[in-house]
Structure formats: C-alpha cells, structure tokens
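Scrolling down, you'll hit the structures one after another.
In the two complexes below, chain A is the common chain; its partner is chain B in one and chain C in the other.
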Partner chain A sequence: MRTKSMLVGVSTLLMSSSLMFAGTVSGKVTFTGTPAKPKTIDMSKEPSCAKQHATPLTTESVVTGPNNGLENVVVYVSSGAPDDGQVPAQAVTYEQKGCQYLPHVLPMHVNQELKITNEDQTSHNIHPLAKVNHEWNKSQPPGTPAISEKYEKAEFISVKCNVHPWMHGVFAVMNTNHYDLSKGGGAFKLPNLPPGKYTITAWHEDYGTQTADITITSNETKDVNFTFKAKAY
Partner chain B sequence: MARKAQRLSFVGVLIVAVASSLGAQEAHVGNLTGHADAGKKLYKRFCIGCHGERGDGVGDNAPFLEPKPRDFTAATFKCRSTLTGNLPTDEDLYKSVVRGFNTSAMPSWAPLTAQTKIDLVAYIKSFSPRWHDEKPADVLKIPTETPVTIESISHGGELFQKLECWKCHGQEGRGDGPSASTLTDSKDQPIRPYNFTGGGRFKCGAENEDLYRIFMTGVDGTPMPSFNDVIKPVDAWDLVHYLRTLQKTRKSRENEVLKAAGGKLLPPKPEEKKPEDPAKEPENKGAGNGRK
Partner chain C sequence: MARLFAITIVVIAILSAIPILRHTWVAPEDISTHGALIDEQMSETMAEAGISFLAAQFILAFFVWKFSNRAPDAKLKKFPGGAKGLVIGALLVVGIEVMALGLFGVKAWANVYLDAPSANAMPVQVQAGQFAFYFRYPGVDGKFGGLHPELINEGSQNIFGLDPEHDVDARDDIVAAEMAIPVNKEIHLLMHAKDVGHSFFVRELRVQQDFVPGLDVSLHFTATKIGKYEIVCTQLCGLGHYNMKAYLEVMSQQDFDDWLKKQAGQ
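And now, the complex of A and B:
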C-alpha cells in the first residue's frame, strides 16, 4: 500500500517535473529575394462583398511583414510530439466574410471539429480539394447554420469557392497540437515541449517546406529560424 | 534461422492477404455478384485504353480526351446516390457504366452482359483502399414526387434565385452565369456548367428523380456543390419542376403546366414560409456520412 502511494507520488512528481522543465521553440520565418506582388482582387461581380472592402483586397498566397517576415507559415512539431492523440474539444472556425476566408490558413488537429460559417449576403460553395481525406463540396446560402465537419488524416488542403473564384484558403490538418501560424514579423512560438528530440517543420503554401531537428534538454528556449527563398512569380 | 523462416512465412502470409483482399473485391447489385479477378481481364479489354492500367485515368487515349477519363485511384465519383464526400454505391457505378457519360468520350456499355458490367464494377473498386476501409454510406432518401403545379414551378423559380444557381447556370439556364467561365474541376481542368436550354439528358440520368439526386448529393470532383443541407425535400421537388421548364424545347409535364398558366410564373408570396429557412428534415441529416 505504502509502496503504491509512493509510486503514485513519484510518478506525479515526474509528470509535473517534465512540465516544469518544458522547453519552448521560438523564432522567425523570413524570406530572401523579391516575392511576387500581391494581385488586387476584382469583386465587382459580387457587389455585396465588394462594398465591404474600403480598399480592394489583394491575394493572400504570400503575405509579408516588416524585416522580411513571412506570414501564414504553419510551424509545427512533425516528429517527436508528445500529444499526438489528443483532440481538442473546442472547435475551430472558418469564416466566409466579404467573400474572403478568415483566417486564410486555418490549422487544426486531426478529428477536431471544424465549423464553417457564412457571414455574407451571397451563397458560397465551400469546396476543400482534399486528396488524402475525402473531397466534398457543399453549398452554403446566406443565413444557413454553420457547417460542421472534421478531417481524419493530416493534410494541407486547398480550399476554394467555385462561385467566387478569387476565394482561396488552406486547411492545415495536423497530427499534433504543437503548431503555430507565423504572424506579422514572421514570429512563431511552440511552448510546452518536454525534454526530447523533435523535428520542427515550417510549411508555406507557395514556398514549400523546411525542417529543423532540435533537442530540448531542460527548461530552455530554443531559437529556430526558417528562411524561404521567395519566388518572383 | 528459425526467426528468419518465421519472418519469411509472415511476409508470405502478408502477400497472400493483400492478394486475396484484392481478388476478393466484390460488387453487388440486385442478385448479381461481380468479382474483381474476372473484371480485371474485362477491364484490359474495354477500359484500359482510356482509364489506364493503374486506373489513374492516364491511358493511351487520355491525352486526346476532354474531359479527362476518371481517375479511379482518387475514388471521387460524380454520379452518386450517397451524400457528398462519400463513395458511391455499387449500383451507382453500375448505372454509370450502363448510361455512359454523354458529355464525354465514355460510351454507354449497356450492350455488355450484366455479369460483365458487374465484374467491371468490382474491379474498379480495387483501385482505391477506400473501398476496403469504409462502410457503405447511406443512400439519399427521395420522397415521392409532389404534383407539378404552377405554384410548385414558381416556388422553384424563387429558389433558383435565392440559392444563386444562376451564378453558374445563368438566368435562363444556358450555362452562362457570371462565374461560368472561371470554373475548373478538382484536377484544374476547365469545366462548363450544364446548359438546360439544350434539353439534353443530365450526366447522371434523365428522370426527375435523377435531377433531384444530382443537386442534393452534388457532383463530386466538380464545382457543383451538394444542397442536401440547405433545401427541404418538398422545396427540392419545386426546384426540379422549375429546372424542367428551363429545358424549353423538351416535352414535359412542367412545360405543359407552365404553358397552361400563360407561360408566366406566379409572383412570390412574401408571407409564405421562407424558402431559405435552414430548418432541415431529420431524415437525411448527417446520415450516410461515414466520417461522423
């Protein structure tokens, strides 16, 4: 009895200590060279959307920030993640507003609930071009309830609306909860990584993927940076 | 040594298992049973030229064809009685083989014997592991057709506007809506929306019930989405009746009723139930979606 409670105590201590000594991977995603200029989107065929944008929208395949920062890069633990099976209970939401997908890139966990909403006064058809997962295509007229879906396998899925051909986005379906989307200056952060060996992958929809192997030994912050070569077209 | 033998026998078992699982692929329609191993020989004779040895749609003739032959390895099929994203039923595939695709190079294979066709269906199912991994999906329930009346046609016309079918199919159903010229299929090939005014049969059948099924389940792999979650069955029949009147040159009950009413639709009744009301009939909700 006593040994048992001692064992429980020790294991609790070990578990909490592994969290106490959790490391963080953080860094920046940048680009070299000159990226193609974003193109202005002509929404004149859909006036109810066009009027929502004081300045016309531009394409979002490549979004850059200050100091050559690259946005919308999914940075994730592609190997060694300690929590592969844990599906978050909370849903992620993909919004269609002003004939634009918000956010442009939406990371989610395998089997996590995905809610898709239409805030517009026009019908959209949401058509994720899945190849590993199942391809489906649903109409969502204005005022209809959110579509609830989930994906069973990890995949980067290109999403489009056939009615409004300029609408384009990405579902990043992950096998891990250790992911981040690079922000303004290209910054990202992956906290709560217990000591161990990891492969960190950075994925960009136009520029491809890069990986880095790292080892976390203690309560440390590892600096990892990724640099993509910009395409001029 | 013993371990090596064990490993070899394990590999042997694995090979037999994989081979037999391929050979064991069957298809069932009514009292017909198709076998993939029989279908393989027939496939080489009838299908390989366009669909290719691997079933990936890149046979010798493929470069000369538009639209491209179906890629069976992707397991995405246009004509289904199942909800969007699901595999079709064996009967759906069988019907497609019988019917052919009038908008492509795929002919009707009706002259082949029933056994030949069902064997081919069984073999087509060996090109994707999805046929092994997934349970058969439920089939869309289609309630009895409502009477063709001018009210039904008129309400269908309102739905055609509200659901914005015209964005692709055009106000008169000519397939010339504002988005029509930009459409591509899931393999990035240009694709045209159906032109109703030609009066030709639809890709997935000629009957009113086929038309109902097409827009409710969607045409997977193309821009045509599923409307099952957004149209109530009774409204869906109204839309069917209206769509038939867009086929102006085709003789139909719908065109007779419209003519008898002076060729004009009734004005919308604002106090009536809202056609875009998202309240769904429970019968098809979520059903057949093997992923949920």
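And now, the complex of A and C:
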C-alpha cells in the first residue's frame, strides 16, 4: 500500500514537473511563389444565402495572409505526443451559415463529439468524404437540431454539401490534442509539450504535407517554420 | 343508374374540354425563333388528342346508354364479322395519327436538333450535376479546354475538371453559375451531365432537353427578347432536385460583352 502511494506520488511529481518544464513550439507557415487567385462563388441559385454576403464569397482552399502567411494549415504533433487517447469532453461545432462551412477547416480529436448545425433557411446535406472512417451523408432541413457525430480514426476528410456544390470544408481528425490552425500571418503555437522528441506535421488541403523533427529539452520555445510551394493553378 | 353514368361521362368530357377551348391556361411568352413551331405542334397535338378523347368518351357514353338496360335473357349482340377487322382498323387509325403527328413535328424537331447550327453560332457548354448547372464559355481564343473528370474539385471551383496548368486552351475558359447570352444570336448549347440524368428546361425558350450521363447532347436556339428567365431541372435527379435551377439572362450584345469581361476577371 505504501509502495503504491509512493509510486503515485512520484508519478504525480514527475507529471507536474514535466508540465512545469513544458516547452512550446511556435512558428509560421508561409508560401513561396504565386498562389492561384481565389475564385468568386456565385450563390444566385440560393438567394437566402447570397444575401448574407455583402461581398461574394471566394474559394477558401488557399487563404493567404500578410507577409506570405498561409492560413488554414493544420499544424500538429504527429508522433511523440504524450497524451494520445485523451478525448476532450467538449464537442467541436461545425456551422453551416450563409451556405458556407464555418470554420473552413475544423480540427478535432479522434472520438471527440462533432456537432453540425444548420443556421440557414435552406436544407443542407452534409457529406464528409471519409475514406478510412465510415462515410455518411445526412440531410439537415432548416430549424432541425444539430447533428452529432464522431470519427474513430485519424483522417483528413474533405467535406461537401450534396445540395450546394460550392460548399467545401475539411474535418481534420487527429490522434492528439496538440494541434493548431495557422491564422493571420500563418502563425501557429503548440504549447504544453513536455521534454521529448516530436515530429511536427503541417498539412494543407491543396499544398500537401511537411514535417519537422524537434527535441524539447526544457522550458523552452522552439521556433519551427514551414514553407509550402504555391501552385499557380 | 347506367344512364346516369353515361351522362356523367359526357359532362366530365365536355367540362374538361372547356378550359382548353377557351385557352384558360396559356403558355408563357415565347422568346425564341423556333418557339412558334413548337407551339403550333403543341396545338395540333392538343387538337388531335382532344378530338380523339371526346370521341372516345361520347362513344363510350353512347354504348353505355344504349346497351346497359339489357333484359337478362336477351341475346348478346356481336360485332358484325367479329372484332378482328375493328382491331386492325383501330390500329391503322391510331398508327396514322401518330405518324401524322411525327411528320408534322419534324420541322419543329429538325429546327432544334437535326439542322446544324450556323457557322457563327456561339458555343456555350452546360454541365449539370447534383444540384446545380454550370456554364462554360471558351474565352478569347474561342477554344474550350479539355475536360478531365479526375480534376473536378468543387472546393477550388474547378467545376468542369479543367487543367489550366498543362492545357493552354483551358486557361481563358470562363465558368459561371448563370447563363448569359446575347439577344438575337444563335447559341449552340453543348450539354453533358457530371453524375446522373438531369434536364435543361426554359419555358420561354421552348427548350426542354434531358442530360444523359455519358452522352454529349447538343441543340441550338436563338433568344429574341432581353430578360431574365429561369432554367430548371425537370428530371428527378435526387434529394436536391427541387432546388436545381439557374438563371438565363438574355442581354444586348454590349451588356453581354461586359458581363463576359467581368466573369473573366473573377
């Protein structure tokens, strides 16, 4: 009994010390070259959606920010993360509003609850094109309750609406909670990483994947940057 | 009772013919050069079918009236010479009627489908997919780029599966979600389906044509009146069929040129 409580005590101490000495990976995702110009989306066939956008929406596959920053890149710890299997209790929400998916890329943990809402006055039919996970598509008329789903395996899933062909998004289902989505100037931050060796992966829906191996030794902030080559078409 | 039935048949037949004869429901305004032929064909068909319908109902009512109150022991009357001649006669009458409709209809049909479009007809491609129409214009080079279905990516709005990286012709192709055409200009409409069967129907144009997956269908027409008209899918194509529509904008040549320029800039 005594040994057990001692072990618990030591492991607690170790865990808290590892958090105390937790490091952070931060950096920027940028692109080189000239990306294709975003295309305007014509929603005239769905007036209730079109009128919600003062300026017409443009395609969101490639979203750039100042200083060649690349947004909507999922940066995550693909190996070495200490908390695999810890499913967050809180659900993530995917909104269909103005015939657009908000957010465009939704990161989540494997088995985390995913809530899909329809804020529009029109029916949507959400169809995530899962290949590893079970594929489904569900119709959601206006005013109906949120759809609740979860994915059992890690996968980057392209999402489309079977009613509105221009609607497109991504579910990024991962085996880790150490992830971030690059914003503004392409910045990302992965805090609370205990000392150890990690592989950091950056995934972009059009430009592919890049990885970087890093070692965190103490309470430090490691700078990791990713540069993708833009496609002109 | 049987006589009441006979009277009811006659009354229903006459009542149903009244709105047709009075032109209660008129077809929407015709905005095409070939539309008059289609309307004429529809009227002819309606007249033939209407006369046949009324005749059939009146004959039925007459027989019910005349032969219904037969005494139980009365001898059954047979058609003189048996029914064979009657059946052959009926087949001939119906056959001739259908043939005649076909022959009269040839000129309307040929006008849209069989005659080649004129050399300066403007090509517009329409792709139907669940549940939207998209239109493609060849751009300044006048050439459509090739189609690569594996490159279709609606997320980046590559609706047709173009390959501008390798295909020079595709680079200036203009893709739009609405169809704009200049007034009084012949349009050569090239149709294909991305997934299942659909239909392209514009009431005012008197054009209704199915998309058949795997087939390239084409037709040609000339719109004669500026305005905005609805293009709808009239072939049940799935859950969102009710919502599958687009707009046809018939514009002056100048407006059309401006529209095209604006689309090319997007």
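Here, the second predicted complex is superposed on the first by the 222 of 233 C-alpha atoms of A that agree within 3 Å, B and C clash if a C-alpha of one lies under 4 Å from a C-alpha of the other, contacts with A are read in each partner's own complex, and residues count from 1 in each chain.
Note that in this section a residue touches a chain if its C-beta (ideal position, glycine included) is under 8 Å from a C-beta of that chain, and two chains touch if they have at least 3 such contacts.
Quick caveat: nothing in here was measured; it's all calculated off a predicted structure.
J.: Kindly say whether there is room for both chain B and chain C on chain A in the superposition, answering fit or clash.
T.: clash
J.: Which partner does A:E220 reach: the first (chain B), the second (chain C), both, or neither?
T.: A:E220 contacts neither chain B nor chain C.
J.: Applying the touch criterion given at the start, work out whether A:S139 contacts chain B, chain C, both or neither, answering first, second, both or neither.
T.: both
J.: A:E155 in the overlay: touching chain B, chain C, both, or neither? Say first, second, both or neither.
T.: A:E155: touches no partner chain.
J.: After lining up the shared chain so the two structures overlap, which partner does A:E95 touch, if you call chain B first and chain C second: first, second, both or neither?
T.: After superposing on A, A:E95 lies clear of both chain B and chain C.
J.: With the two complexes superposed on chain A, say which partner A:K131 touches: chain B (first), chain C (second), both, or neither.
T.: first
J.: Looking at A:D42, would you say it contacts chain B, chain C, both, or neither? Reply first, second, both or neither.
T.: Second partner only, chain C.
J.: Regarding the shared-chain residue A:E113, is it in contact with chain B (first), chain C (second), both, or neither?
T.: The answer is neither, since A:E113 touches no partner chain.
J.: Would you sort A:A232 into first (chain B), second (chain C), both or neither based on which partner it touches?
T.: Only chain C; A:A232 stays clear of chain B.
J.: Quick check for you: in the superposed arrangement, does A:H168 touch first (chain B), second (chain C), both or neither?
T.: In the superposed model, A:H168 contacts chain C only, not chain B.
J.: Any idea which of 63-71, 171-179, 207-215 or 261-269 of chain B is the one running into chain C?
T.: Clashes occur only in 171-179.
J.: Could you tell me which stretches of chain A are touched by chain B in one complex and by chain C in the other?
T.: In chain A, positions 45, 122-123, 125, 139, 162-165 sit in both the chain B and chain C interfaces.
J.: Sort out for me which residues of chain C touch chain A in the complex.
T.: Listed in rising order, the residues of chain C that touch chain A are 129-132, 153-157, 159, 163-165, 176-178, 238-240, 243, 245-247, 266.
J.: Which residues of chain B touch chain A in the complex?
T.: On the chain B side, the touching residues are 74, 76, 84-86, 162-164, 167-168, 178-179, 182-183, 186, 218, 220-227, 229-230, 276, 278, 291-292.
J.: Which residues of chain A touch chain C once you look at their complex with the stated criterion?
T.: Where chain A meets chain C, its residues are 36, 39-46, 59-62, 122-123, 125, 139, 158, 160, 162-166, 168, 205-206, 231-233.
J.: Once bound in the complex, which stretches of chain A touch chain B?
T.: Residue positions touching the partner: 45, 122-123, 125-127, 129, 131, 134-145, 147, 150, 152, 162-165.
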